[in-house]
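Each of the two complexes below includes chain A, the first together with chain B, the second together with chain C.
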Partner chain A sequence: MFASKRLGKELMKMQEHLPPGISIVKSENLEEWQMDIKVLDDNPLYQNEIYRLKFTFGSKYPIEPPEVQFIEIKPTSTEPPETKRPIPIHPHIYSNGIICLDLLSSAGWSPVQTVESICMSIQSMLTANTRDERPPGDSDFVSYNRRRPRDINFMYDDDNV
Partner chain B sequence: MESDDDDFMSVASSADDFMGTQGSDDESLGDDFGDDFDGGFSKDRDIVATARKPYEVDQKVLSPEDIEREQNLQVNEVSSILGLPPESSAILLRFGRWNREKLIESYMDHPEQTLDDAGLGTNFESTPKAQVVSGFMCDICCEDSDDLETYAMRCGHRFCVDCYRHYLAQKIREEGEAARIQCPGNECHMIVDSKSLSLLVTSDLRERYRTLLTRTYVDDKENLKWCPAPNCEYAVDCHVKQRELNHIVPTVQCDCKHHFCFGCSLNDHQPAPCTLVKMWLQKCEDDSETANWISANTKECPKCSSTIEKNGGCNHMTCRKCKHEFCWMCMGLWSEHGTSWYNCNRFEEKSGSDARTEQARSRASLERYLHYYNRYANHEQSAKLDKDLYLKTEKKMTSLQSSSNLSWIEVQFLDTASQTLQECRQTLKWTYAFAYYLARNNLTEIFEDNQKDLEMAVESLSEMFEKPVNELANLKVDILDKTAYCNKRRVILLSYTADNLKKGEWLFNVKW
Partner chain C sequence: MSFELKERGNQLYKEGDYNGAEELYSQAISKNPREPTFFTNRALTRTKLEKWAGVEQDARAAVDLYGQKSPNSLKSRWYLAQALLGLHRSQEAYEVAIDAYRASLTAKSGQTENLSKTVLRAKQAIWAAKETSRLREMNQTLTTMEQLIETDLKRGLDDLQGQLDRGAIGETGFLEDQKALREDSEKNIQNLREAFRIASKGEVQERVVPDYLVDGITFEIMHDPVITPSGTSFDRIGITKYVEQSGVDPITRAPSSVNDLRPNYALKAACEEFLTNNGWAVDW
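Let's turn to the complex of A and B:
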């Protein structure tokens, strides 16, 4: 009940106006939304790509942060190539789409944050990046991690990216 | 600040309580900031505590109420010095990890910076209270009804009381957070103070919040440690510092009767210092089983010292690693075996005896470890049986009472004997870990004599103790004597090691 009223309001506001490069893909139910984001400047790492974010809301949203990760979509031969959604390359984004971002942890989360503000933060996280690399230990993490992103204790040891 | 309007920590702050702990508390504060090495054994302390043995340390046990009282005392003091509300002073003190002097100094030099860093903000004019604000919409739940009750701390970030409450409940109950709960607003580092908290949450959460705060207080203070015994709520106050641990083994006793090391919170491990204990436990975990097996089942390659297990087959060994060919029986070169294939009946060929000497040397260090480990493990095993022993003792005491004409008081000697046995075995156990790391010098011989004396005394007491009940009554005097003797030997051993540890007289075969 807590989440629904707030998400309803957020949706209404976003349907009226959205910042550039952000669009709603799926928002029918109040458990999972999908958003598409684009990097607006000419950062060569992310040129001409669209990325898809999946938001999963718990019943305690927005007291608790939502679970946010990138999802990958590979178009089949019958689908148009524009529907492709890769996982952006970034030293804080694992190749399975899990994002290591302080803002999304319970310690860094503020209930005032919204889906829109999270999208913008991730947008700017990509914009600012110049490193064409995955986090250290990406392949191990991707093959062994069975935990949900919220249960992982990331070390936010690098504030520069 | 008047003490009757501070409901931030309302338990037990009557004048009597304050008087009761004043003296000792001043002491604890003073020591906290003194940086001299002998904080724990200053001269006046030695004069006061004349009966203290070299291996004992000054200590005080604190109940949760004592801890809260100690906190309040310091909070009120800082509050009156700085002229800030107590709930703000509490946040400041927690920020400064209860280092009062340093905190006051920093506040005097840069008041605004200090308040800001601590998450307090500098605006102290308004007194926050819950209120209805017209035209307000809560940024968390998007509720905007006209009678919505709202709250904002001094930072001005206003949310509805309901959301605030949910937020705090989440932090306290789910995340176990208390001292560092920030304003729900984005990027606002204002810490939620205890006064705001008690306005907003229900009493069960307030209770939990206080418990968590007390926990951080004990964790923050170097001179306090929780008793590690299960379900024990007490903390121990002791002034032995981390850097002194190479010279002292600070065993403390909680009011729950648990003996533990103030340095590392493990069970009492006198006479071995914490660092050696850690090394020893690690070594035992890594090596003991393996070492036993290696010693029994393997030999080393005479050339490259790789450990080799012979799991059947002939005596002609080819080392997998260095391809050295040798005979499993005599360890000599296989090429010297001539025609006596697959059967070694040679004795005292040079290559074989050299290889065996080399082998013996490397085995010796393994054997040395096992020597100490087996004795250590033996006493540990006996110590584990202590619980059974104690229960048996009680039964023995009851049956001894009925079978002899001794009274309850008169059979207590068995209880004392049992406790002595437990303590002595614990000590003996650690003497072996200590001895493993000890390099020989003039002191080791005395140490080993002490160890032997205590061990013999313990074994003979142990033997008497296990006699059938009908003989026990007649052994009473002997058991009493032996118990006293064991205790005396233990005191001598511990005093001797502690004294020399303090003076840095022991030589060790490892760096630590």
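Let's turn to the complex of A and C:
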């Protein structure tokens, strides 16, 4: 399959140019990448924070979507506080970092999406949000879910969030 | 008996003992020269050993035994195309690969992706051969021209020496003229080299494939583009996989099937023309 070649090309393009607020953290192997994103407008929910996204690619990428979720990094006492990466608050983002976003599900994915376009979608999903809350049933979901994100049938009925 | 030899050959192949495996397949073939899998296995083994002439023979033998029309021959035709590439017979390799690619599409064979890659490899090899001979020719022309300029300089210098010897010019004039001749000649050579550098544009121009020739799924240059009902073109293999799996158009998400994909011949011609002049694009 073409996963590694395609990812190599995406990386090359991103190293030349990236949209503001998006940066590559880790891309050495072609199975897992990490990206940092920032919200650029003055939405008070996300001011002065940087968030870390983890991408996991299967051999069928880009025919199948990558798994994308936020990961939390808590700096230890010896590490500088700037290395902190929280999970952003959002009615579609569970506190374990799992994101409920149509384009990341098997049904909503399109192979013309890229790592860059996913980052931009998530960036704008945060920008547009005004609700300081987690999805309903967050604590149950976080304790009991063992399924992989793309296999979960999220409800995408709430388009105005 | 002959199948036992093949099994033992397969075992050695798995262990990486290609010479041993080749020997066992050869024994199997001498016992039963009508069994195509003996030839395909030996062809694959010889591919590992880069014994291309042997791969060619075996692959052709297997294709004959299976029959040209049989989908079972597609793998052997792929081996054949690789062997021809190894033997630097790129045009033949291209013809074998493109025929097999088309047959593979019709037969929905698992070899389509391999064959598609080999088609592009062959195109690249054809371009590289042409490019090498073009550069070699250019270099020969450049060398000849530089020699002419140097001969001309030598004649001028000899002439000048003669004038000095005959007392027609003085020592100072001689040195000045000599310097001028050398500088002229140097400048001519520089101009000549600059002209050749510009003319060999492949080396100085930036190597970029235009976006409209690049497949939005694999990000590689297309060689068999098809167009969706929504008007976007993709290379056949990736879009076929996606539409079969999802049942929708990747841009509009409207329900879509493989039968909705139509060849885009104009774009195909554009890709072919680009590849003919820019074989490097295969690796881009």
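Quick notes on this one:
The rule we apply is simple: the second predicted complex is superposed on the first by the 160 of 161 C-alpha atoms of A that agree within 3 Å, B and C clash if a C-alpha of one lies under 4 Å from a C-alpha of the other, contacts with A are read in each partner's own complex, and residues count from 1 in each chain.
Definition applied: a contact is a pair of C-beta atoms (placed from the backbone, for glycine too) under 8 Å apart; a residue touches a chain by one contact, two chains touch by 3 or more.
Quick caveat: nothing in here was measured; it's all calculated off a predicted structure.
Once both complexes are superposed on chain A, the partners chain B and chain C clash.
Of the two partner chains, chain B and chain C are each touched by A:6. After overlaying the two complexes on the shared chain, residue contacts for A:112 are found with chain B and with chain C alike.
Of the two partner chains placed around the shared chain by superposition, neither chain B nor chain C is touched by A:66. For the superposition on chain A, the stretches of chain B under consideration are 23-31, 59-67 or 167-175; the one running into chain C is 167-175. The interface of chain A with chain B overlaps its interface with chain C at residues 2, 5-6, 9-10, 62-64, 106-107, 110-112.
On the side of chain A, the complex with chain B involves touching residues 2, 5-6, 8-10, 60, 62-64, 106-107, 110-113, 117.
Looking at the complex, you find that chain C touches chain A at residues 113, 216-220, 238, 241-242, 245-246, 250-251, 253. By the touch rule above, chain A contacts chain C in their complex via residues 1-2, 5-6, 9-10, 62-64, 106-112. Residues of chain B that touch chain A in their complex: 139-143, 157, 159, 163, 166-167, 170, 174-175, 184-188.
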